[in-house]
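Next come two complexes built around chain A: one with chain B, the other with chain C.
Then we have the complex of A and B:
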């Protein structure tokens, strides 16, 4: 039996770690849930292009040859040959080149794609792809704080999140058997919210433990690397790192001409040598040289964390396996364990089931932090005596309520609107990728200001309707694109992109439902709460619970 | 055990955060030297170690509030750090040079 004073102490630990990290974790989990579908979102946001199909795989050798001849930097750095025909692959072949910069200085990259004209000549164009999906991932990783502070901050937040988990479990342990899965819906609203908070937290506990540990390690990876080098390895780590990166490096060109094997043949050779490998993209280096190579990125069936670093390298001349130690089944046990941890974070295993499970677990995590803040407020609520005067609620509960509403709903509405902007602003602004940031931050900070200006109760209704409208705009935009092609927008027909619209549609309905329920609560719910807009009005009805008190 | 446990928020939390990290680095560092293949083992060991370190760090930080006081936390965790670091540096500078 755990002593009461320990429980009490850990309740304090849980409360304060939770309150300090709740906002950041909500954003990380909500945006993180969306990144489970980073690729479908990228496909949804990509304008119609030449596409992979414009050059059949059998014509790829000629295309590669022409690109390598006309773009020596691409030949050296790697030319990507796409295989799947997704909408975010603008053409059969793409590559990146350095922006003009002084030697040794940090610099950006520009993106190129290339295809064959009907007469068989090369058409190459520099065009920046949509970075919407990457932007959502940045929000997930660093909630919008610039580097390096974003990583430091999220590292500390993730560490405290781990502490909050331990504390929360200790607090719950004594009553776990009694309370487990007990959702007491009824008059005691705080009890119901606490039950729900506990059930959601404890059932997803393995997920949360994995997230807390991996998120801390990933956020602080540079710092931990340096500490390990200084304290443990004393210089040896850089050598090991170097040796570990060797299998990813292409062989150096030898300057002798060599005949390239066609990509379709290379894929056959790959299949013969590594049957369980599912290639996504082939990256050719030094085409035309006898030492030309192709790295094939993709998944290996049955392995966790399969697409992160996995891959094989073949000779582009003979199709022989050059380097094979980086695909999952050939990794050393330590690398495999480390990749498994990463896979646990990114949900890269077991295919679509886990992707969807992580999607919902991400939302459930976001809800956990949201409900945690609500419980903090509810605990400090001053109740009115029956027939007595309506007490003034504490200012801190008022501010935390407004902050919770503004930050959480601002993040939701901001992400939805910035997704919508991918279609509306395409071709209308110069730098769409920056506009994604402007729009998100404008909506996010605007919502926070709005929440403080109007108070938690009123702004929750306003902002929930904003969330519903912004999210509904995602499928509506696609619908408009179909109905009015003159708008210059597009609607892809693939299941993945239609899936984005369908999920957004359902999400918008959920937000609308929450908005309706919140309206009811702020009008008809108990008045002695920050969630009510009614002044003392001789409320004779004893506290009648509203459907959803806070949302 | 009969003693009242005091909150001593900052004393314990600082011990958990600082000495927890120290214990994490030194214990996981021992795995680098004593694990299969030793310190020169090729592969992704240094990458795996980051996750293991955070695991220890979170655990120490999370449970450090069980110490009677901030002083006790610093004393016990400090002693644990001392032993672990001594062993680690013995490995690094003496046994596996």
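Then we have the complex of A and C:
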């Protein structure tokens, strides 16, 4: 039996760590759930292009040869040969070049793609790909705060999230078995929100513990490395870094010409040497040289963290296996451990089952923090005496209610609208990738201001309708693209991109349902709450409690 | 095919565990505790074995765990939404 004063102490710790970190964690989990479909979103947002199929794999040797001859920098940096034909792969071959910069200074990259014209000559074009999916990932990782402060901030938030988890479990221990899986919907709203919060927190506890640990480590990785360097390695970490990077380093060119093996033959050689490896992209370096190599990035199924940084390197001349210590089954134990660690955070293993599981767990995490705030507000609600006047609710509950509605729904609406913008603004603005940021932040901060201006109850309805409309705009945009091709938008036919529209459609219906339920609650629910818009009207008729997701 | 079997076994195991709980809201009365818990445990173990066959031990364990977590938080919510639907 745990002493009551200890439970009280941990309850205070749980409450305040949860309240202070809840907003950031909601954004991280909601955007994180979307990143589970990072590739389908990137494919949905990518305009129609020449495509991989325009150059059959058998014609790829000529294309590679022409690119290497015309773009020496690409030859050194690496020319990517795409194998899957996804919509976000603009052509069979792509590569990056450095932007002009002073030596040793940080710099950006420009992106190129290349294909063969019908007459067999080279067509190369510089075109920046959509960075929408990366932007959503940035919101997930740093909630939009610039580096390095974003990582520091999320590192501390993740650490406090871990503290909140431990404290929450201790608080729950006395009633854990009795209340396990209970979700009691009824007149006692505090009980209901407590159950709604606890069900998600307890059943998904292993997921949350893994997230808290991995997010802390990933956010503070630079600082942890520096600490290791100072305390453990004493300046010798560079040797370890060198050892870690070696498997990715291509052999240096020797200056002798060599005949390249065709990519299709190289893939056959790969299949023969590493049968279980699923190649995604081939990255050629130093084409034309006898020491030319190709790194094949891909997955080796069955491992946690099966694709992250995994790959094998072959000689592009002989097809001989040069390096394969980065694929999961050949990684040394410390790299395997770190890849498992990363894979557990990102859900990068197995396939569709784990992608969907992480998607739902990500949303449940966002709901955990949202419901935590609702519980805090409900716990501090001043109830009306029977037949008495309505009490004035505490100001802090008004502020937290407005903040919860503004931040959480602002994030949802902002992400949906910035996804929609990928099709509407393509070709109409100069720098679409920056527009994704402008749109997200405008909607996000606009929603927060709106929530404080209108109050939690009214703004919850407005912003839920905004979320529903913005999310519904995703499939509607695709539908408009099909019906009115003159709009200049596109509708890809792959299952992955149609899946984005279908999931958005279902999501929009959920937001609309919440908006309707919230409207009912603010009009008809108990008046002694920040979630009611009815004034003190002397109404003494007992109301049936009508709890809603926005409450 | 084995993936679908593994998924079905894992979900079925969670259904039994939920229905064995005194707090379940799907049935008028919870399933008899011990037999339902044993059945749920066996189904989950079979699901785990199937996932491990499809993948590898570590990945199989984590897939089983994550599917079970989704089921166990979703079932009480599904019950609450069904109850709300009936009341309306």
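Quick notes on this structure:
In the analysis below, the second predicted complex is superposed on the first by the 546 of 551 C-alpha atoms of A that agree within 3 Å, B and C clash if a C-alpha of one lies under 4 Å from a C-alpha of the other, contacts with A are read in each partner's own complex, and residues count from 1 in each chain.
Everything that follows uses one rule, which is that a contact is a pair of C-beta atoms (placed from the backbone, for glycine too) under 8 Å apart; a residue touches a chain by one contact, two chains touch by 3 or more.
Just so you know, these numbers come straight off a predicted model, no measurement behind them.
In the superposition on chain A, no contact is made by A:235 with either chain B or chain C. Judged by the touch definition given at the top, the superposed model places A:13 against chain B, while chain C stays out of reach. Applying the stated contact rule after C-alpha superposition, one finds that A:118 touches neither chain B nor chain C. In the superposition on chain A, A:358 makes contact with chain C only, not with chain B.
In the superposition on chain A, contact is made by A:302 with chain C only, not with chain B.
Once the two structures are superposed, chain B and chain C can be ranked by residues of chain A touched, with B on top. Once the two complexes are laid over each other on the shared chain, residue contacts for A:104 go to neither chain B nor chain C. Interface of chain A with chain C (complex): residues 179-183, 185, 195-196, 199-200, 203-204, 206-207, 301-304, 306, 340, 344, 347, 349-350, 353-354, 356-358, 360-361, 364.
By the touch criterion given at the top, residues 4-5, 7, 9, 16-17, 21, 25-26, 28-29, 32, 36, 39-51, 53-55, 57-59, 61-63, 65-66, 88, 92 of chain B touch chain A in their complex.
Listing the residues of chain C that touch chain A in their complex gives 3, 7, 18, 21, 23-25, 54-56, 58-59, 62-63, 65-67, 69-70, 72-77, 79-80, 83-84.
On the side of chain A, the complex with chain B involves touching residues 3, 5-6, 9-10, 12-13, 159, 162-163, 165-167, 212-214, 216-217, 220-221, 224-225, 227-228, 231-234, 236-237, 240-241, 243-244, 331-339, 341.
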